[in-house]
Amino acid sequence: MATQIKTTPDGLVYRPSIEDQPPRSIAPSKLAQTVTLVVLGFVLLYFLLPIVWLVIASSKNNTDLVSSFGFWFADNNWAFNWNSLMSWTKGLFPRWVLNSVFYSTVAATLGTLISVACGYAMAKFVFPGRRALLVTIMAGLLMPIAILTVPLYLLFSQMQLTNTIWSIIIPSMVSPFGVFLANVYADSSVPTELLEAARIDGAGEARIFFTMVLRLLAPAMVTIFLFIFVATWNNFLLPLMMISSDTLKPVTLGLYGMMSYFAPDKGAVMLGALLGVVPLILLFLILQRFWQSGLAAGAVKG
Amino acid sequence: MSTQAEAAPVRRRWSRQARHQMIYGWAFALPFFLLFLLVFAAPIISSIRSSLFKMQSTGGGLFGGGERVEVFAGLENFIVAATNTSFWGGIGRVMLFGVFQIPVMIGIALGLALLLDSFLVRRPGTWRLLYFLPYAIPGLIAAIVWGYLYVPQISPFADAFGTSGGQPFFLAPGIILASMANMTTWTFTGYNMLIFLAALQAIPGDLYEAARIDGASGLQITAKIKIPLVRGAALLAVLLSIIGTIQLFNEPTVMQTLASWMGNDYTPMMMAYNTMMGQMTPSGAGPASAVSILMAMVAGVLAVIYALAQRKAD
Amino acid sequence: MSVFPKRLMTVAGLLSAAALGLTACGGDATPADPTPAASSAEATSAETPSEPIDIEYMHRLPDGEGMTTVAEIVGRWNAENPNIQVKATKFDGKAQEMITKLETDINANNGVCLAQLGYAEVPEMFVKGLTMDVTAEAEKYKDNFGGAYGQMSVGGAVVGLPQDSGPLIYMYNETEFKALGIEVPTNAEEFVAAAKTAAAKGKYIADFEADEAQNWLSGQSAGAGAVWYSAVDDAWKVDAASDQSMVVANFWQELLDSKAALTHDRWSDAYTAALVDGTLIGNIAAAWEVGFALDPLDTTAYAGQWRVAQLPQFGDAPMTGPDGGSGVAVMKGCEYPAQAMKFNNWFNTQVEDLASQGLVPAAAEAAATPEKWSTQFGGQDVMAELVTANKNLNADFAYIPGFSAVGPKMTEAAAAAAAGSGKVADVFTAAQDASIAALKDAGLPVSEG
């Protein structure tokens, strides 16, 4: 922690705050940092142990899964499990992963955009029907999705959209939760004065939204994007109904298919699931940047 | 005279502004709203409609002639569902589940978010990713994992807990709700943490600066600024959890494959799904919709009660 | 706020407009369909159409490693029959989910022509009006199939052809049996005695499978000679808790009470663990389990030690009962039922290919024992043993519409019996009550007396 000391024009000495580091006045003690680290470490153990188990299990065959110690490796069967995975999916496994990446990316991108627009509208515009809209969307959350899948399938089948990419993307885009989060977030981090100022400067609403609001809402958008992405990735009931072509299937449906037979090669299924998580982790790392931007704070200060 | 002259243009300006607000408000809300109508509202209305009907065989004989028609049933499906003790038994179970699980999960999520948002932690990004990871594991895979960890013959630790009432410890009637709560907490804590982190990011930086100038400590900033300002997010997270709990389905379905004694109606959502899939009597879309709508009503009432209680506390 | 009701009306108006669009198209639950008899008669004359036609076939066969895939089999047909092109689609979910999809599709006039249905689901699909009566076509192919042909008929109407069958059999580890000095039990008394002998040495020759109660216990009851469902004066007579069922109940009760049987669910990992560590050395199983049950033993010392035998005799004669198995039915709305049945017959007589999928084909021509089975069962002619079991099937045992709703109640009762908090007999009384409730729910006549 290099401490630079600067002097203000009127002669006062101060330590400027460095990005990502607290001002010295509130810098935590070493003890507090260590205690925090230990606490976080223990919590992490809880979250990670099952995943460690999963990684180890993906290297085992069905026999070793039930007869060897869960948290250590038995004979390494990764190659065998990979072959079995490829054979069960008729070589389509990589394709299914790519399908999933495509569905999730498109649904999350479009879904984030429409959620943020709607949440922003409800937070920052006064228009008739606003409350009714909020209540309606909230009410939409109350009905269980699994029960709605069949009528939705019927509807899409009448629109002749079943077994197309849209039958996955369109339903996955609509995230009432995204609207609420955007609403809560816009409420507290898009200052009305800023909007007024931009309007007075003659900026159009579309321009204000795309250049200013979206930037202010970046952390919320990352969160919404991630939630829609993961939800689309993990949903298998919707594609189970909607998709019948092998080439259009997403990876989770493929894994579900393997699991719904009597004697699935569980190691292979788990390997498939783990390989499916890799793109998610990559995505998370890419999104990291937008998260920390903290644009909101800067903009408001200015 | 002068006041009148001033008031008129003000009113005109206001109405122009109101129109502007209305047009752009709806314009921004419309894309979502239209898709919402398609993906949520239409299926819900179709569900409500089918809850008022039932299928009846037209022909006689052992197989009803192999033809069925839909006949109007009024509120019969609702009456059958509402007078079914196992429906209310299921509601009781999920409420018991929620009373314990939601505070624990929300508490841990908020705690983690506050820690990661503080200066106590370096590289919060890595922690954030690792805590979120369980949510990224598909539910059907998490099911396999917990299956192995809960079943005594193969689990590395379940043997140590012995049995309870003739059932393995984690799968015993008195324990199983806690076993499911553990699965839910494992999956969703990171998810809720992200909701809180997003809300913490939204707090304007000048608030902190003002507090610091006033000499507030990190703890004080947390208690006096951060926690009050994430209330909106907390309300959202809890409401979602309440709804999710009433619709509890994945965890009990997983547990049912390990503990057959649970039956097909352990939670209301299991009851609705199995009714739809013909695995219960009565069966079919009508009775299943009725169960779902009743369940949605219970969830709605609970959500409203919670929101009102929150508002009162403000 | 004063205009709130107006706003609400706008939203409601929009929503109901959307709903109207939905119900206008999908509300009509019974679309007019061509009368089955007429369409089959018409189609017969056009068995080899001059114009190529397409037939869709939905299945849920495993298509696993080392199997002849459905796509390969269908590919052969398509090459030989350019005018009857078949498109096979694999459904990636559970049987009950596939039925929901089929039902939705057919009611939207958008269904497939041929679909795989479990025998226990056939009556239910018929009652829902989702299958087609193809009796005239089926009669032509009847001789190609064994006793399972009857499983595809509902109240005199045949809706398709059988694919595989699942008679209950007994599987055991011969080497362990010899070491314990016990013989393969041929009846209930011998079974209980052998089980007690083995249990004393920490080995188990039986497992009580609560999760499979529906077909597994009803099948054993059928093996004891029970007929659960029959017609009396054009009404259903339900007899699930008969004396024959009680023979089975008492048999298992004694095994459970004397702790001579394990109580692992069939699809639990505890079952696999017991198999792999050698505590489980015998099991009453469905014939189709032969295809994969021993896979976990391949890398253990127990490889090649197991054999297949007939189900112990519970009743007056050597008899067994059905546990699963399925056929391929012609679904309502199929445009070319005659051609569909032609393919159906061809497909389900490709016995070697079907056997490679782990099935015990229902066709009259017996398949050879697949290589994998004879390795796992120490060279035994497993298929011959299964064919015998097929012949011993209780021919009078049929299912009711709504049998899917009966199983979960049986499972619940069986789990209680396994835990000691209930009795095995309760499983059958639960089946009795649930069957009557299911029939009444479907609006079908029940004779209670």
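In order of appearance the chains are A, B and C, and numbering begins at 1 in each one.
Following the convention adopted for this analysis, contacts are C-beta pairs under 8 Å (C-beta built on N, C-alpha and C of every residue); 3 or more make two chains touch, one makes a residue touch a chain.
None of the values given here were measured: they were computed from a predicted structure.
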Max Cα-centre separation from chain A goes to chain C
Using only protein Cα atoms, the chain sitting most centrally is B
Distance-wise, how many Å sit between the C-alpha centres of chain A and chain C, to the nearest whole number? 40
Using mean CA coordinates as chain centres, what's the gap between chain B and chain C in Å? 36
Hey, how far is the Cα centre of chain A from the one of chain B, in Å? 17
Quick one: which residues in chain B touch 2 or more of the other chains? 38, 41-42, 46, 148, 153-154, 276
Numbers and ranges of chain A residues touching at least 2 other chains: 65-66, 128-129, 133, 136, 150-151, 154-155, 256
Counting only residues that touch at least two other chains, what does the list for chain C look like? 22, 26, 97, 100, 267, 269, 273
So, in the complex, the side of chain B touching chain C is made of residues 37-38, 41-42, 45-46, 49, 55-57, 60-64, 66-70, 147-148, 151-154, 165-167, 257-264, 274, 276-283
Show me the residue ranges of chain C that touch chain B in the complex, using the header's touch definition. 14-16, 18-19, 21-23, 26-27, 29-30, 96-97, 99-100, 123-124, 126-129, 131, 133, 154-155, 157, 210-211, 231, 234-236, 264-265, 267-270, 273-274, 401-402, 404-405, 407-409, 411-412, 414-416, 418-421, 434, 437-438, 441-445
For chain A, which residues count as touching chain B in their complex? 21-23, 25-28, 32-33, 36-37, 39-40, 43-44, 46-48, 50-51, 53-54, 57, 65-66, 69-71, 114-115, 117-118, 120-122, 125-130, 133, 136-144, 146-148, 150-152, 154-155, 170-171, 173-174, 176-177, 179-181, 184-185, 187-189, 191, 205, 209, 219-220, 222-223, 226-227, 230, 233-234, 236, 252, 255-256, 259, 266, 269-270, 273, 276-277, 280-281, 284-285, 288, 291-292, 294, 296-298, 300-301
Any idea which chain C residues touch chain A in the complex? 3-4, 7-8, 10-11, 22, 25-26, 58, 60, 62-66, 69, 71, 89-94, 97, 100-101, 104-105, 107-108, 110, 267, 269, 272-273, 276-277, 288-289, 292-293, 295-300
Help me check something: in the complex, which residues belonging to chain A touch chain C? 61-63, 65-67, 83-84, 87-88, 90, 128-129, 131-133, 136, 150-151, 153-155, 157-158, 240-241, 244-246, 249, 253-254, 256-257, 260-263, 265
